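The following blocks contain the structures, represented as structure tokens.
Two complexes are shown next, each including subunit A; its partner changes from subunit B in the first to subunit C in the second.
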Partner chain A sequence: MAKKEGLNISELLAKKEKEILDAWTKAQADITAFKKGLITEKQLREESARFLGILVRAVAGGNLEDITAPEYDEVNKFLANFSVSRASIGFSPSETATYIFSLKDTVLRFLQDEFGDQPAELSKAVIGFSMLMDKLGLITVETYVKAREDVIREQQKSLLEISTPVIQVWEEILVLPLIGTIDSARAKQIMENLLESIVATKSSIVIMDITGVPAVDTEVANRLLRTMQAAKLMGAECVLTGISPQISQTLVHIGVDLSGVTTRASLRDGLALAFRKLKLKVTKMEV
Partner chain B sequence: MDKVPTLKMGDTLILTIQVELHDKTAIRLQEDILERVYDTKPQGLVIDVSAVGVVDSFLGRMLSDTATMVRTMGVETVLVGIQPEIAITLQEMGLELKGGAFSP
Partner chain C sequence: MEKIEEVSINNSEDIILARQIAREMAKELGFGLADQTRITTAVSELSRNIYTFAGTGRVVVKALSESAKKGMEIIAEDRGPGIPDIEMAMQDGYSTNKGLGQGLPGTKRLMDEFEIKSEAGKGATVTIRKWLR
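Let's turn to the complex of A and B:
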């Protein structure tokens, strides 16, 4: 039964491919964003023709249900590429999905013309085809979201790289300005960067500045402490600076033991301390 | 409560508590002290409690905490003017001032 109805639809699609394409392109002209100049009518028509061709070939076997079947590979691939390219030129996911749904509307109208006199056949065909198109529509949304997520992941990665700079401010003095929340991934990155820099610059003092860290909880504090312990093992002494009144209150209230750590209120104080430890003196030039 | 009267002598910030402290005012005082230390950047902080007659467990803990907080900001605290009876109370409560030193 399903086989027959599937064949009906695929026959119809193959037979009326040209008319469907015309109607579909026309339907899209009204709804899609190519009014905004994101895409030309010619491009749209070429794209639609390609997709329709691929779809006709996919449904030729009569399979309207399982879109994971091998004959749908090409459809899936096309939709994935299509969704990604649409996303990159600024289409919203609903606009991209509407592309598929507008084909559904168009074809349903053709189905009605074809099976208008056989209600049972018509409803079967409509349900089968609707379900297929809904699934395909969902694929576009899914790939769209996935493409977005890839972008976000990429940005996160680059953010992680630029967010943990280690600066050598003087011979043997490193400054590690921390900005933003510190999660476990960042803490790991911070530790690796710091330890590598200590080796590379042969530094003996590290100033960790947490002025830009909005909130310090036990977890963040523990991560910082671990980093400092690691630095100590490399022979570098750590100074924790940028402790505002609020942060100092939090640290004491949550009971973080900072007795083994040198702490200072501001980066300036930390730098002054580092100079003193290295027996350096900053004086005004005599002119 | 008014702001705490503070006096900066050289690198030292001197602070006198002149009123009886309740729980609420004590917390305000603690915030005040920290702000003042942050702004004036002293080397050391002296808190004079000679005018304080009663120290309960909350106040004792608050003083101890304040000293630790100030310590995290890189400043040493000295608590001065502790009355004998207060010393006894603090001792009986088992409080120790981890972040600072005492002076009579």
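Let's turn to the complex of A and C:
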């Protein structure tokens, strides 16, 4: 039975491919992205013709259920590329999914015309085809989101790299300006970068500046303390600077004990302290 | 004015989202910079607890107005393993994951009101409030 209805739909698709394509392209003319000029009618038509061809081949065997079957490989591949390219030219997820859903509406109308006199067959065909198209629609959304997520992950990675510099400001003095959120991945990287730099530059003083860290909760404080402990083990003294009045109050309230840590309000004060410890003096030149 | 925002906590980025929402609302309600930071930090602690101990949960941030009082309420709830001994968990320096052990007691000190409910195996709910004065 399933075979028969499948055949009906695939026959219909194959027979009416041209008319369906016309109707489908027309149905898509209303979408906003099309109006915004992100894609031309010609492009849309070519793309649609290609997809319809692929879909006709995929359903030819009568399989409308299992879209993981080999005959759907082409369909899946097309949709994956399609979503990614749509995402990159600025289509919204719903506009991307509308592509498939407008085809569904179009084909359902053709089914109606074809099987209008056989209600039982019609409803079976409608349900079968709807489910197939819903699955395909979901694929477009899923790949669209995945494409976006990939972009975000890339950006996160590059942010991680640029956001933990260790700067040698003077002989034996390192500055570690911390910016943004310190999560476990960042904390690990900060620690590694710092310890390597201590060895490489033979530094004895590390100034950790948290001016750019918006919130210090116990977890962040704990990570900072551990980093400073590790630096100490390598023979470098740590100075924590850039503690804003708000963060200072919060830390006191929350009960984080920083009594073992040398702290200064600003990076400038920290640097002055470092100079003093190294018995360096900054003076104005006599002219 | 009824304002409620909800963040579901599923990964460490959601912690940042939760505290940004809390900070925004605190700012809108007219909390000063110090209180904004306290509220943000408290939300950070609670959502991190959700992520660390339960994996998933949600944080609800609410604007409150009771007669003459205005303030903010934050509810952090999860269906995780729960807190077996609340009294211990509220003690300074007690930690089950090598943390500083200041998270919950610290959060209590940062806020005006603090309620904690938990049943082993059924999750935990922490409700905190801060009033505008």
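Note that in this section the second predicted complex is superposed on the first by the 286 of 287 C-alpha atoms of A that agree within 3 Å, B and C clash if a C-alpha of one lies under 4 Å from a C-alpha of the other, contacts with A are read in each partner's own complex, and residues count from 1 in each chain.
As a convention for this text, a contact is a pair of C-beta atoms (placed from the backbone, for glycine too) under 8 Å apart; a residue touches a chain by one contact, two chains touch by 3 or more.
Everything numeric here is computed off the predicted structure, so don't read it as measured data.
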Combined model on subunit A where subunit B meets subunit C, clash or fit: fit
Subunit B versus subunit C as contact partner of A:Glu46, first or second or both or neither: neither
Vertex subunit A; arms to subunit B and subunit C (CA centroids, nearest 10 degrees): 30
Which superposed partner A:Ser266 touches (first subunit B, second subunit C, both, neither): first
Touching partner for A:Ile243 - first (subunit B), second (subunit C), both, neither: first
Touching partner for A:His253 - first (subunit B), second (subunit C), both, neither: both
Partner chain in contact with A:Asp183 - subunit B first, subunit C second, else both or neither: second
Partner chain in contact with A:Glu196 - subunit B first, subunit C second, else both or neither: neither
Overlay on shared chain A, then closest C-alpha pair between subunit B and subunit C (Å): 9
Footprint overlap on subunit A, comparing subunit B with subunit C: 244-245, 247, 249, 253
Of subunit A, residues touching subunit B in the complex: 241, 243-245, 247-249, 251-253, 258-259, 262-266, 269-270, 273
Residues on subunit A engaged by subunit C in the complex (per definition of touch): 181, 183-184, 214-219, 221-222, 225, 244-247, 249-250, 253-256
Contact set on subunit C toward subunit A in their complex: 12, 16, 19, 33-34, 36-38, 40-41, 44-45, 48, 92, 99-100, 102-103, 105-107, 109-110
Interfacial residue positions of subunit B with respect to subunit A in the complex: 30-31, 34-35, 37-38, 41, 65, 68-75, 98
